[in-house]
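What follows is a short report on a single structure.
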C-alpha cells in the first residue's frame, strides 16, 4: 500500500486494525525470547553480578526514550512542512508513551545506580540530560492538555518539539563530551561493540521488542486520538443542529 | 453542607479537565528543583544539606504561581457575582475554593516531593520530614495566596503582582516548615515544637486568608 | 411582597450615577427600567443584587424572608453567563441548583424549557452564544428566588427564544414573583410598570 493512502484517516484506521494483532504477537514473542536470553542464558557480570540484568530493561527504554522523541520530531516536520493530517495525531500520541519509557529508564537507572554507585541519583551529564528529556515530554503533554482545539494547537507544539530535539545529540554524546559516572556507549560505537555476544544478543532482542511495543502502542494511541477528534466534530455538529422544540411541530418532518 | 460540597466538586472538575492545569504546579515544582543543581553544582553533600529548603521554596513558588486564576476565571465569566449572591458566606466559598485548589494542585506537590528528594540526595528520615511538613504546610500557602489572588482579581497581569504581595507573608510558614524538617534530621533539636507552630500558622492563615480574600472580592465587584 | 427602594444613591468612580431614586415594585408586576446608555440601568440592577454598595438610601423587601438579605432572594441574569466551558451543560446547571438550594424545576425540566435537553451531556464549550444565554437563563428556573433581576435579557436571543423567555417571566409573575428588567427592547410582560432613568441632575450641574 502506498504511503499516501494512509493519509486518509479512515484507511489508516483499517490499516491499524489489521496490523495491531500481528504486532502484538511479535512484541510478545520478542520479549519472551529476549528476557529468556537475558535471565537464563546470559552470564552474570563478573563485577556486577546479577544486578546487570537491569540492563535488559534499562537500555531498551533509554534507546526508546530517544527514538520516541525522534519520532515526534519527524512528525513535527510532517505537521509544519507537509501538513500531513496524521502527523500531529502521531505527535500527540507519542508524547505520553515517550514519557513512560523515559520514566522507566530513569527509575531502573536509579535502581541500578544504588548498588553500583552507592546513590540513587547523581547530577552527571547523562542522567541530567535524560531528566531534561523527561521534563520536556511532560511539558509537551501539559501543552497539549491546555489546548482545546487540537488542529490549531498542533503547530505550537511542533515548533517546541523541534527546538527540544537539540537535546537528543546532547544525551547521546554526553558520556563522551563530559567525564561522567555513567558508562560510555558499549553497543553503537566506532570499532564495534565492547559487550560480549552472550549479553549482546538478548539486549538487541529486548530492544527490538521494546520498539515493537512502542509501534503497537503508538498505532493504538493514534487510533484513539483520531476517534477523539471525530467525537469532537460530531459534538460540534450536534450542538449546532436545529432542535425541534417540544410541542412545536417541525415543518417537513412528516414528508 | 450541600452548597459547599457542590462547589468543591465543581472546582475539582474544573482544575482536572482540559485547560485546568492541575498538574502544571507539580511540573513547575519539578523544574524549579531540577535547575537548582545546575546553579549550585552537583555536590551531593551540599544538596543533601540544602535539599529540604529547596523543596520548600519550590513548593512555595509552584503554589503561588498556580493561584492566579483562583478567582479571576470566575470573575471573567460572571460566576463570581453569582457566587456572592448565594446564601453561603463568601468566606466559606473562599475556603472551599482554596481546599479544592490545594487538593488538585498542592497535593500533587506533596506526592512528587519524595521523588524530587531523591534528586536532592536526602536520606529517608529527611524525606519523611520534608513530606510531612509540606503536607501540613502547603495549605497555609494556598490560603495566604488566595489573598493575593483576590486583591489582583481585576488586574490583567495580576499573577506576578500577587506573588510579590504574598511572598513576604509566607516567610513564617517557610521558616517553620524548613526548621521543622532540619530539626527532624539533626539530633538534639526537637521536631515537635516548630511542627506545631507550623500547624498553628496553617489554622491562622485559614482564618486570615478567608476573611481578607472575601473582603477583597467584595470590593472588587464594585 | 413589595420591593421598596427609597432615596437610593449609588456612586461609581466618584460619579453619582443614581441620585435619590425612590421606586417600589409589587409582586406580580414587572418593573421595566428604560433609559439611554449610562443612565444607570445596570447600576440599579447590580445594586439591588448586592454587588454595589449604596451611597445613601435603602432597599427593602417587605413580605420577604426576614432571615435573608434582599440579594439572597434575587436571581441575577446579567450580561455575563457565568458558565464553565469545561463542564457539561448538565453539570453547569446542577452546580447552581446545589449551590443556591431551594430547588424548583429539576435540571432536565429546566433544560427542556430552554430547549437544550438534547445537549445536556455536551461540554458548554460547544454551545453557541444564544445557547449559552439560554443555559444561563435556565439557572433562574432551578432554584426558587422571588425577585428576578434581568439586565438586557433578550440580547443574543433569536425571536423564538425571546418568546419563550418572556413566557417564563410571565409564569414567574403569575406565581407571585417580582421582576426588574433593564432593557432597550420593548418586552411584552403581562403586568408592567415603567421606570425611565435619565441622566442624574446632580451630574449635569458643575
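A few remarks follow.
Chains here go by letter, A, B and C, matching the order in which they are written, and residues are numbered from 1 within each.
Operating definition for what follows: a residue touches a chain if its C-beta (ideal position, glycine included) is under 8 Å from a C-beta of that chain, and two chains touch if they have at least 3 such contacts.
Not measured: the values here are computed from a predicted model.
Should one ask which of A-C and A-B has more C-beta pairs in contact, the pair is A-B. Chain centres defined as mean CA positions place B nearest to the mean of all protein CA atoms.
Chain C has its Cα centroid 37 Å from the Cα centroid of chain B. Distance between chain A and chain C, defined via averaged C-alpha coordinates, is recorded as 53 Å.
Spacing of chain A relative to chain B, judged by their CA centroids, is 33 angstrom. Multi-chain contact residues of chain C (touching two or more other chains): none found. Each of the following residues of chain A touches two or more other chains: 148.
Those residues of chain B in touch with two or more other chains are numbered 18-19. If you check the complex, the residues on chain A that touch chain B are 110, 119-124, 128, 131-132, 135, 138-139, 142, 145-148. Chain C meets chain A in the complex at residues 112, 115-116, 118-119, 122-123, 125-128, 131, 160, 164. Listing the residues of chain C that touch chain B in their complex gives 12, 46, 49-53, 68, 71-72, 74, 76, 78-84, 86-87, 91, 94-96, 98-101, 139. Chain A contributes residues 148, 235-236, 238-240, 243, 245-246 to its touches with chain C in the complex.
Only residues 2-3, 5-7, 9-10, 13-14, 17-20, 77-79, 81-88, 221-222 of chain B touch chain C when the two sit together in their complex.
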